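Take this structure first; my questions come after.
Should a chain be cited, it is by its letter among A, B and C, assigned in written order, with residues numbered from 1 in that chain.
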Amino acid sequence: MICFEKITKTYGKRLVLDNISCSLPKGKITSLIGPNGAGKSTLLSIISRLLDADQGKIYLDDICISDYKSGDLAKRLSILRQSNHIDLRLTVRDLVAFGRFPYSKGRLTADDQVQIDKAIHFAQLEDMAHSYIDELSGGQRQRAFIAMIIAQDTDYILLDEPLNNLDMKHAVLVMKTLRRLVDELGKTVVIVIHEINFAAQYSDYIIAMKDGKIVYNDETDQVVQAHTLKEVFGIDFDIITKNGKNICNYFNIET
Amino acid sequence: MIYAGSIVSLLVLIWVSLFTGVKDIAMRDVFAMNSDQLLVFTIARIPRAIALVLTGAGLSVAGFIMQQLSQNKFVSPTTAGSLEAAKMGILFSILLIPQASIGMKSVAALLFTLAANLLFMLMVRRVRFRSSVFIPLVGIMFGNILAAVSTFFAFKHGIVQNVQEWMIGDFSSVLQGQYESIYLILPAVVLAYIYADQFTIVGMGASFAKNLGISYSTIVNLGLFAVSLTVSVSVVTAGAIPFLGLIVPNMVSMMMGDNLRRTLPMTALAGSIFLLFCDILGRTIIFPYEIPIGLMVGVIGGIIFLFLILRRNR
Amino acid sequence: MKQRNKIIAMILMMVTIIALFMLYNTGPNLDYVIPRRAIRLATILLVGISVAYSSLIFQTITNNKILTPAIMGYESVFILFQTVIVFIYGDKTFQVITHQDNFFYAVLLMMAFSFLMYVLIFGKSKQNIYHLLLLGLVLGALFQTFGQFLQIVIDPNEFSVIQGFMFVSFNKINTDLLLIAGVTLLGALLFGQRYLKYLDVIALGREHAVNLGLNYNKLVKIYMLLISLLVSVSTALVGPVTFLGILVTNLTYELFQTRKHRYMVWLCSGIACVALLLGQFLVEHIFNFSTTVSIVVNFVGGLYFMYLMLKTRKAI
């Protein structure tokens, strides 16, 4: 389980995270939602040690993440940010192979090769395993990066807006892959996501943030309610229930 | 208010500049100078003060135009290879026509500077990674290349030391009869004032400009021409003055914001004040000798620039 | 297979150019010419490897193919130092200071300079490699201005001494210096060897590197130390070769498909040595010493840089 306590972060004078504490349940998908500037990405970066908090502690399975060696933590927790501009001529398989770096330090063993193939298979990228990443579409490239994270084989997987700039098909493919990671492999997935309906359809828990604070933290259906979402985003929502899951319409509601 | 203060300090500095020098001319003698003093005054002191005012204003405005066109606060003649290009122009005019007149040198410098600026803008547009610090890096590399090419030829002809000399601005050689091309800066500054808004719009990109009905290439070329003219005549008359076009517009925008019509005259004024100040300092520190202004501005400007970078870094 | 052919071609080319360099037009005094050429050859190999190694690492950690550590101001520090010495001692410079001392102080100064920059940038909480670069450039420009000023004031006859420092020539190296530089290079290479594998990951960018468990900040500091050592030694040995780094690294990227640094450094070093040997050969036998190898390399490297900048949108 990931717990964080009293995290505070400021950029200059602006308070981005205001003394927040919470825990993220194991073996589930948790979505972080909230308006722009709520502090979601900052929180994710702090949990994944890409960024240092001004105050507060983060515990991964009851051990403070600053007590982990960076190399060991990389076998427990992985992070994928949204900006992935790489100007290297790598094939998809080369890229995925980097996910094994924490284990092999660059010299791939037979076991690593197996893991790489598994990850490519899991992300359904066999067809393009030998294509160069700079020749792929945005959606395919994003899935290649997700395959790299899968090859890293960590219990905890953190993703910052994995659906950014993806078309509907790739967005669905990515979310299904994440769901299978949790259901089939027992991983814990935490994502920052903007499209509320993807969060409503695929996640187990939702944490809603606003102005650097956590305003709701509950099971998905409890958070996806008209009044809660209105409080978070400041616009009206119309909730439709279909197959036991909530869908919201907020696109053009007469008030 | 700021304006009044600036104009007063400009006038004071011009006054001080006129009465600073080896030849002792006291202020009370202004109206009763002997022929010797009058000669020094008209041949050296007045041209020098005029050149300082015009160069200071011109280079700051040139930096300002470049910053608008490239939409990058760190671009200036120093960080875009313009100075090196001007130097290259002078070098080639001398190599081809050993007795080249100042006019010929100016034309050669102008052509080279213009070409270099066009090329630089082309590169800026091609750089995908538009980090504020990266563009000037490209520009400085570009300048290094031009310098490398110049050195190649300068070395072959054994004039490396002379070439170095042009790279340090020095107003002590500004004399009546040799500096008049510096007046070409005036139209360039006026041009900048008229087209200031257009420069900003063009800086936002070709499609943005087109949308507002402005001809992209005309305005860019106009701006680069004004910049090249200023840079080349100032290098030919006084030599290179680094950092001026970089720090003055930045400091003015820090103090007064980015309202073009308001800040542009201030940028010109501040440039003149800064240059006059550095020149007077350079003339008095090791009196009766002079520290060339290129060095003074290089040191003071460099330190201010460092401060600007580190401030951004925070 | 094609890859292997290219490597073989490069080795053949290297052997040919070395043979040519050593044996072309030797004249009758073999005992005199050969050992001198051998020293020059050794220097060139040393400089080639240093430049290739440092530039490659530098480009990987800055994630940028058009930069070289030389632009960070080391060279200006070196030139200023030499200018000051000549300014003080004039043409008696080398009666006052031995070449060894001069070399030692020059390296020390350049290392101190890079240390100063790291303190300035990394001392702040938010580090950014581009700020480090710009800082280096500006400090470099400052030193350069000082240097230029002194160079103007210096007596034209003494200026030739400085000019000797400003432009690489492999003609005036003494063997003791070469030995010191060689040992330093070997030490740096041995030390760097175990860090090469991390560079493959750092090439993916900071966030991916951290995600994959690298201690990014510590590694970058180590690499910077290594780079400043290599650049200082090669600059103090033969003077600045600004654009060689860009030229050879980009040729490496273009010619060879590999992105594994433990292979790349050697391929790149090979190209650097070939380029320098070729340049030196041209200078000796075609230009008859009317120019120097650094000027030729900077000229060609500079043009190649322009070509890179303008060739494609993707290059940068």
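The rule we apply is simple: a residue touches a chain if its C-beta (ideal position, glycine included) is under 8 Å from a C-beta of that chain, and two chains touch if they have at least 3 such contacts.
These numbers come from a predicted model, not from an experiment.
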Chain grouping by contact, computed as though subunit C were missing: A | B
Central chain of the complex, centres being mean CA coordinates: C
Subunit A and subunit C: spacing of chain centres that average the CA atoms, whole Å: 43
Whole-Å gap separating subunit B and subunit C, where each centre is the average of the chain's CA atoms: 33
Mean-CA-position distance for subunit B and subunit A (Å): 51
Residue numbers of subunit C (touch at least two other chains): 314
Where subunit B touches two or more other chains at once, by residue number: 314
Subunit A to subunit C touching residues, read off their complex: 48-50, 69-75, 78-81, 83-90, 94, 98-99, 101-102, 105-107, 134, 149, 152
Complex interface listing, subunit C residues touching subunit B: 64, 66-67, 71, 120-121, 124, 126, 128, 130-131, 133-135, 137-139, 141-142, 145-146, 148-149, 151-152, 154, 156, 159, 163, 166-167, 242-243, 290-292, 295-296, 298-299, 301-303, 305-306, 309-310, 313-314, 316
Subunit A-touching residues of subunit C, taken from the complex the two chains share: 63, 65, 197-198, 200-201, 203-205, 207-208, 210-215, 257, 259, 314
Parts of subunit B lying in touch with subunit C, wherever the complex brings them together: 74, 78, 119, 122-123, 126-129, 131, 133-134, 136-138, 140-142, 144-146, 148-149, 151-152, 155-156, 160-161, 164-165, 167-168, 242, 292, 294-295, 298-299, 302-303, 305-306, 309-310, 312-314
